[in-house]
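To start, the structure itself, in structure tokens.
A, B, C and D are the chain letters, set down in written order, and residue numbers restart from 1 in every chain.
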Amino acid sequence: MTIIVQNVVRIIVPFILIFGSYVTVYGHISPGGGFAGGTILAAALILERFTGIKREFVFSKELCLKGVAVSLIGYGILKGIAFMEGALHIHIISWPLGKPGEILSAGIMPVLNILIGLIVMMAFVLLFDLFNEDHSMEGQ
Amino acid sequence: MSFILILPIILPMIMAMIIAQKNIIRKDRLMAFAIFSTAMTSLIVFFIMFKLPGTSLPILHVNEFIDIRLKGDGLGFIFAGLASILWTLTSAYAGVYMKHEGKERYFFIFFLMTEGVTMGIALAGNLFTLYAFYEILTLTTFPLVIHAGTKEALYSGKKYIIYSLFGATLILFGMMILFSAAQSLEFTAGGLAQLLKYGQPDLLAGAFLALFVGFGVKAALVPLHSWLPAAMVAPTPVSALLHAVAVVKSGIFSLVRMTFFIFGPALVMSMHLRAFLLSIVLMTIVFGSFMALHQTHLKKRLAYSTISQLGYMLLGIILLNEDALLGTMIHLINHALIKIVLFFCVGAITYSTGKKYIYEIGGIGRKMPVTMMCFSVASISLIGIPPSNGFVSKWFLGLGAMSAGQTLNIVILLLSAFLTAGYLLPIVVGAFFTKTASDIADEENLDPPKAMLIPIVVITGLVITMGIFPNPVIGYLQVAIEKIFL
Amino acid sequence: MTILFDNFIEVASIILFAIGFTTLLVHNNLIKKIIGLNIMDTSIFLYFISIGYIDGAHAPIFTEGVTNYVNPVPSGLMLTGIVVAVSITAFALALIIRLHSIYGTLELDEIMKIREDGI
Amino acid sequence: MNIIGSTPLLLILLLLLSSFTLPFLKNPIKFSLPVLGALTILSWIHGLLFIGGEEYTIQAGHFEAPFGIMLRVTAVEIAIGLLFMTITTLVIWFSASQFHREVGKSQQKTFLILVHLLVASLLGIVYTQDLFNGYVFIEVSTLAACGIIVVKNKADNIKAAVKYLILSSLGSGLILMGIAYLYALTGYLDMTFIHEALIPIASEKSRMILISMVLFMTGAGIKSALFPLHIWLPDAHTAAPGASSALLSGLVIKAPAIYFLKICVLVYGYEMINQTAFLQLVLLFSGTGMIVGSLFARSQKTLKRMIAYSSVAQMGYIFFGIGLGTPAGMAIAVYHMIGHGVTKATLFLLASTFIDKLGKKDSASLKGVGREMPFEMAIFSLCGFSMVGIPILPGFISKWNLALATIETGQVWLLAIILVSSVLNAAYYFPITINGFFSEEDGIKPNNNPVAKVPLGILTVLLVMIGLLSGPILSLIEKALI
């Protein structure tokens, strides 16, 4: 990649990341959410990989896999508790219903969104890495 | 006490399991153990027959149709008693005979298991139980058929199992229709009353035909007979017991059960199938006899003779009256006794001299006098010369044909008797009145060892007794049969 | 005719579905098959979302003074559908890459031929 | 009671969670097996407590249907759920000693992750009452199933998996289209709500309803290997490692069928499906499958391929039961799924054992195996007998009841199909038994790889018990399906 592209990407990527985070975090009160945000975040990272920019902190395959797993566990536990509560009609924790416009007002919703964002981002990066180097098995 | 009804079935199976353990029963004690087991079984059978008639024992009730139930009645006891006595005698014979065939332990395991299964067929209380044992019979006799393990034996075994499965499928088909029509498969003397009220008689006729042909496969109904001659590759005790007594007679017995205890004579009579079935059965009789004339292999000749004789029994069933059924049942007993003697004698010849063909055994009567005397007695009985037991059964069959108005059948019976004479007497004549073939050993007496000879003589004795004093058995059967035609 | 024009989204989605379906079945190239698959999926998404769409309504986010919302359920469902389609595509592509590295071709009939010759 | 009552939901969640935990573990089998075992016991407790009870629904999350997702719990779902849990546990238990020899230790972790995921999604398909939720679970199960095919990293496996994946995606596309049609018609995704909404418009929109039925049939048919759409199955089930084949043939192809059955019963209802020619179509396909599948199976030389084709025929039985369109027929379809699931899983495990021990794949090499491995061969024969239809065993009972249900609907001629098919079954299972026990040996000495006999024993006991308890099982299932 030419230096022009690399430099442009270097400038753009942080903004994309910020935008992705915004979309992720605001998922429950505006259009967007974990999946959309995660995709944007992943796009930024993949863009970096495309242009061949080296960073000190890289999402390696191992890290991505573990990250996906941890995030999934977290998501599963939180969502599972919510499911079970609903299923049993016990409602131990009274989740706040949230106020329009306030990010941290909706109980576990923002947390879930962030976790989904992480999962999607890392899964996409993982997939990209897999395709890029090919010859390795799918571990999704 | 009704639990005792299961003993004749379970006991041989347990004994078979014990025999399978090499460290419990030594090889030289196999025969004694087998005789002990079979004798115990026949004792139990006769105990039930006289002390506890009419007991019934539910074993497994899953739902209305999967309902394994045992029930003893006259016909069942006669069959069970006959089979258990013959089994006892055969185990003595086989103990010696199998020494030259090898793999005795293997033989006795399946031999005893088959006895249990046959008892199950005899004592089955409903069609489902009968069918279950009938299928298992195929599986347990199969290893006996292919005992030799040669290519020919395997081929015959395959033939046997394919024919049997074809039959079983037809039986299943018939049972499905029957069950959906009657909601019960319980054996009831005179037939299930529900069937008479069923709205689709054509469907029932189809079911009857399917069941008749299905059970007919084991009863060697022509043109589904060809497994029987092929199965003669088995060792002689197996041929004798299984293919002259257990398997084919199970087929006949099942047909009796199915015709008279499920459908009932009245219903079958109304189906207008008789002309068709009669033609098949008469063909079986004549075809079997003619084929027997052509055979030079001794066992094959006897096998075709069996086909023809089985035709008599089938005839008695489809004539659908009391005399004919009585004839069938008596002939079932008589033919079993006679055929087993014939087979044992042939086996003895093979055992002593290694000869298998008719043209090889000229003059053998002088070397094996006892064996060939028994053979002659059995032959004369099978032909049906009075006062032999063959005459008794043919007499009743003839009576049945008369009262059914089928005089043609009597002509066929006579013709077949001539043919029987035609294929058995040459052996007897050849054995006694021709020069001894040169390659038979010069020893004075070639009669087999006592353990083989005694069963032959005992059964011949039974044959003669049945000819001279048939009345106790006839009386017993008449009581059992009366209920059907009420 | 007017019916066709009135329901142009449905018609379009059916046409797309047909295109995807035939691509999937007819083409021998594995990548083209995957493309066909994606077209097919997309047509269904289009159809689904068009069911929930109400002309002139607002996005289903609580805002002061707005009463008519678009039905959010189909969109939500299709989001899930897209995730599924993406993962299937990704997985299929991964497998196809492996296949390519083994056989050196993406044409199904050629792979068959190689297999027959080779084994 | 509430907590035990919501076991199905808990099972799915815990399986998913445990699946994500596995990547962190050094010795995954030591974690996976106890978890599966515990969950199986849990599901048995739940099953035994609730199988005779009233039907009830579990609400997943805080919303009631039609907005939220509901899980439906009746005897049908419980029975199939128990089957899935139990078989998976036994297969994993069995494969613990064998899997690494076939595939390699490194892949075992991936395999276990995928199996957990697979079972969770299969249970989801079984229990869900929401069409779209079912679709998502079906897709997850497809991915996981492809995954357990390609854990054995061979060209055959990858090709089979690609074939399976592509056809299967086609199937799920069709299912999704069917869902879209129903959603457009009614505006609901919950099965019972759709049913309520369909009744008033049934005659008016009958053509649209028919189209959706055919879409579901084709979609589920592809995934469940209904006859003309089965082409992916033999490749996939043959190439996969033994444990995977057992799971694929025992469970994975059953799940879309039960989804289809639930759609028929809950979404359309007996009245609606019987009014259209749609059932005749199902009967036609399944009937052909029963016969042609067996014919194909007979002509196969490799053991696993033969068993795989036999699955095609057996799936024919299941769809045949559905095609009869009566509660009795549906109940037999469910019963046959249970019986066939256990039998086929056992058969595949045994097949892989034989291949492992003898190092040969064709069924002719099994000559005399019965003398060396009497226990395994005896079980193989028993399973074969069940397929052929020896009384008391489950195969016989499904055939028998299928025949009775067929006579009840007045289509007696269909009996011929059942009977011909069972004769054909005999034609390919008996030779193996006969050769196994009675042929002279070829001189191949099996190696001494250990075989886990306990799970095989349990599977056999299950097989016999399913046959013996067929009366209560069938009546419970039928009660739930009316």
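As a convention for this text, a contact is a pair of C-beta atoms (placed from the backbone, for glycine too) under 8 Å apart; a residue touches a chain by one contact, two chains touch by 3 or more.
Source: prediction; values computed, not measured.
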Suppose chain centres are the mean of their C-alpha atoms. Which chain sits farthest from chain C?
B
Which of A-C and C-D has more C-beta contact pairs
C-D
Can you identify the chain nearest the overall CA centroid, using each chain's own CA centroid?
D
Taking each chain's centre as its mean C-alpha position, how far apart are chain C and chain D in Å?
28
Averaging C-alpha coordinates per chain, one finds the centres of chain B and chain C separated by a number of Å equal to 69
Report, in whole Å, the distance between the mean C-alpha point of chain A and the mean C-alpha point of chain B.
80
Counting only Cα atoms for the centres, state how far chain A is from chain C in Å.
24
Where chain B touches two or more other chains at once, the residues are none
Which chain C residues sit where two or more other chains touch them?
87, 91, 95, 98
Give me the residues of chain A that touch two or more other chains.
137-138, 140
All pairs of touching chains?
A-C, A-D, B-D, C-D
Considering the complex alone, what residue numbers of chain D touch chain C?
67, 132, 135-136, 139-140, 142-143, 146-147, 150, 155, 158-159, 161-162, 165-166, 169-170, 172-173, 176-177, 180, 183-184, 189
For chain A, which residues are in contact with chain C within the complex?
29-31, 35, 100, 127, 130-131, 134-135, 137-138, 140
What residues of chain C sit close enough to touch chain A in their complex?
59, 61-62, 79, 83, 87, 90-91, 93-95, 97-98, 101
Flag every residue of chain B that touches chain D in the complex, lowest number first.
60, 62-63, 65-66, 128, 131-132, 135-136, 139, 142-143, 146, 149, 154, 157-158, 161-162, 165-166, 169-170, 172-173, 176-177, 179-180, 203
Within the complex, chain D is touched by chain A residues 65-66, 69-70, 72-73, 76-77, 80, 82-90, 137-140
